[in-house]
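Submitted below is the structure of interest, expressed as structure tokens.
The chains carry the letters A, B, C and D, assigned in the order they are written, with residues numbered from 1 in each.
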């Protein structure tokens, strides 16, 4: 078992002829992901690493009705259109890698997907990997190995860092999901966490949060209210970040006094989540928790 | 048990000082419904049949946090605002009696409520009655009696007609829900039908449809796919309605060749629903079905 | 409310949709002027608010001025679906490569506006939907964004047009959306939308239906509501009654749309023919009832009137009063079969009984009697 | 991107929000002209893109021209949160009855814009949110409708204003929404929004933050992005690097926002003080790495640089190349602690080793060494 990406995942790459799109198409295929088609308007008929390219999601879906997932690499100013197109074509999971999408566009796509009961992962996410099964994303495969820890994160490289430690500790990951670094995201911590709770392959969950917003606080609230009991560990980045400054991610900003590291740590600990101050402490603690 | 209106229902009347609002507030109270507050902007401080009036839903909810349901009598041009206000105030079920709301306004409120996981009944509905428990609507109470038949309908008086027959047959109703006569409605047949399926007090369901749109066809499709087994009977009005003409209800129009009586009858019968040609045949058939 | 073709074309062309050059004419003289201004071959299009104008012979071509005059003189004497042809739209004839169907309308099940397109332009949409569903595509429009750019990519592909037309398609779709939003239209339809021989997309026909419920916010349109109604329909509308004329001889008055339709259907099931749909609505006054009944009593086709009222907000005594005064005002001797039940029904029945009218409480009986009365030979009864 | 108060006021007043009469001045002469035009008492407001202007003494009143001249000469020499005061907004002093807080911003959890209001105007918003949450109200804005009429009813009630101000409130809220939509603002804030003695709602202060990601569609604004950046920030931005200056002495370069923050936090946890946040992003070129490192090497406050790269799309050899060329270009002797892991890390380490730099693979070791190096007395090491 795994979440979001599993054996049935069939992938469409939107923006497949771009530098990033083509590069990661190759890496996804190399990892064993079933990439069945790509789209770049005006480039229909080409083939990228053996994957046929179409002019529209409509014609791609028409030829490959098995597509259920799309990964979006198109530039920020075209992402609104690309995601609306994927949703209209009936695609269930849309992973939006693109960084720098205007907030108003994000609000539109994210709310639309929710009202249609579809899933957007991201925007500004490294994607999703279910080690050994497939990846719909851009993360370096070598940091991951098949295992029992579910990871949900707002970050990219920090996630690879922690995942690698977990891999080296021999535990591995069931699935790793980047919810994205923007202020507004399709999936949030709560929703991915719920998926992990319901996934029997996941024995423990690691939350990788950061300052800004209240996604971690809402997760804490959910854990408290629902009383779920899967071991949950967290690392929150940004303890030393000053207020009012964006720390790389559009969403990583303490504004109006909200979204501080301290507030997140308190909320999570209050909900029974172990919060660690160094990334490498997570894998050790996991070993204790899982192997007793 | 009952659906939508039960012992816990606490009602706010929006537009309580209008002729209709005031009149039906009295009738709802007489029926035993817990009407706790009313709103008419600018009329705060008044009292209508003993119900305190507020200037805004905000102040009504502030004073009466137990409110969970609202009934809207405000004129069509103010309904968009009134419903948005009710939703923003956190009200869970909004019953919109008002007829003649512009379609674009309806699309907005209906989609918004759905994305917030709230319920709109209507617009252009007689409301909901759970006989013996309460009513949030304008239907004449004497046509209903507590019992085992769930009714969901696009019509008003035709529903009273059929309900009365069912009452006279000694079966009575668990709940009766008007989904509304407009082309776009908050709840549709499928959703109310599902509620009845899950309601142990409901032994059989009666569908009262009419020409126009595909709400009945979608219900038929749902029944077929889900394979539910509660006895279901239907009456569809408009067998003799000509195409292209609105028959009283904004939604009752055969357009683009869709929404004919024949198409609805076929779809429902194909899904195993008994479709009758005279309203009075329903109660007789129900007696057979329920009492064997 | 439907707009005339020429009105719809005027609106959409203001929003950037290309339409054929044309002029409205109400007389042969007007047609002559138009033809002279246009030059060359013309199309004469009857302006009536009814479908099937083409099949009914209401749209004709003319190669010469003389032909145009002759044809328009015929057209101006025609009736289409019962409506007199009073106005003609005289248009240049466009050289057409391909005829397409394009509409923006409500998708009820998705609770959203949707673009509906077909490669089979010029075909009645009812036929498209029923017989050629595979030649149709539906694309939902996001209410905040409007038609997103992919919409025109999809349509261009689906229509099998060359990619350089994408921009024209986008412009048309965008215009339709703006018209729908700004006019509260529930339908904006181009059938056919033509690809001209010179590679332009031109709306050869245009149809706009405005949402009646929104008319209060469209001052200039609201006056037009009555213009295409029959006298009876106009009277009904003015009194807040819902009225639709049918072809039978049993007049029907009820309260509530569903009950009215059901009563019509029962009449039919019992072998009768309904003459109309007349819904007095909820809580009707005796005045409204009176006006409603008068409409039916003065309709020469109506032989019997069947009144079916389930009192709720509507009070049966008010209904009875209204019925009595209508009969006395009109002085009619047509039989009236009344079924009254619900709020104040016993008072209502008493009022009627005093005038010698028996009111039924059983719907079934009332219908049976009405149908029976309508069946009797008037010269014998 | 933050706009200056005078820019924000110019925008919102175009959308119908009342602001005090005022003029921008960059010199004492300018102030004099402004005071003469305004007449009477004035407010002198330092135009810097930093909060806490009031507390820092950057906002002053003056009763006479002389006082205004003296005060502005002081202000024009000031620094607020490290920013030079170069411009003053000279405004008429408004007689104020009540000070309110009103903002339009993103509610992340509701994924929507929301109006935020408080009766405690003039208080720092951070304090409002944390200490007086009960004096705050939040109202979601529907993305299609914008602020619905109930919004102004609620605000008027909540502010405890008289009902005849509802119309003014609606107008302000509506303007905020239009500004947010048309300028892609993520914040439009009036703090305080004043009820003047003459019963008008006036925005005494105005703040607008534009969503940086949307700047490509706001041609006129995009040029302003660099104007308030320090030299280092401007260089970073131009090279596509995310850079934030902090007050410590350990320079930090990493790839990825989360990893960069985590590295800062670890430095702090190990007893050091980060000098900056510098994220080279994903797939950085050696050129970008070089420019990033140069920024830190040329910053006199930086004593040690800690480089932490987890190669994925980013290639460790590219990083190593960039590091080497930066050092040779700047000719710096500051110690650089490097941790490289992931894609091509062995090549990267080899490149560094050739120049005598040892790269760690353990993050913990790298942090510990960097902190230790920063702690050493420079005169002794």
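Note that contacts are C-beta pairs under 8 Å (C-beta built on N, C-alpha and C of every residue); 3 or more make two chains touch, one makes a residue touch a chain.
Worth saying up front: this structure is predicted, and the values here are computed from it rather than measured.
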Per Cα centroids, the chain farthest from chain D: C
Pair joined by the larger number of C-beta contacts - B-C, A-C: B-C
Centroid distance [mean C-alpha coordinates] between chain C and chain B, Å: 28
Distance between chain centroids, defined by C-alpha means - chain B, chain D (Å): 52
Chain centre separation in whole Å, for chain B relative to chain A (CA means): 41
Interface hub residues of chain A, defined as touching at least two other chains: 108, 111, 114
Numbers and ranges of chain D residues touching at least 2 other chains: 143-144
Contact footprint of chain C on chain A as seen in their complex: 41-42, 55-59, 78, 80-82, 84-85, 88, 108, 112
Interface residues, chain D side, partner chain A - complex: 51, 105-106, 108-109, 111-113, 125-130, 143, 181, 184, 186, 211-214, 216-217, 242, 244, 246, 254-262, 264-269, 274, 277, 279, 281-283, 310-313, 341-343, 363-364
List of chain D residues in touch with chain B within their complex: 139-140, 142, 144-145, 148-150, 153-154, 157-158, 163
Complex interface listing, chain C residues touching chain D: 143-144
Chain D contact footprint on chain A (complex, rising order): 20, 23, 76-77, 100-104, 107-108, 110-111, 114, 138-140, 142-143, 153-161, 164, 181, 183-184, 208, 210-211, 213-215, 218, 235, 237-252, 256-258, 277-280
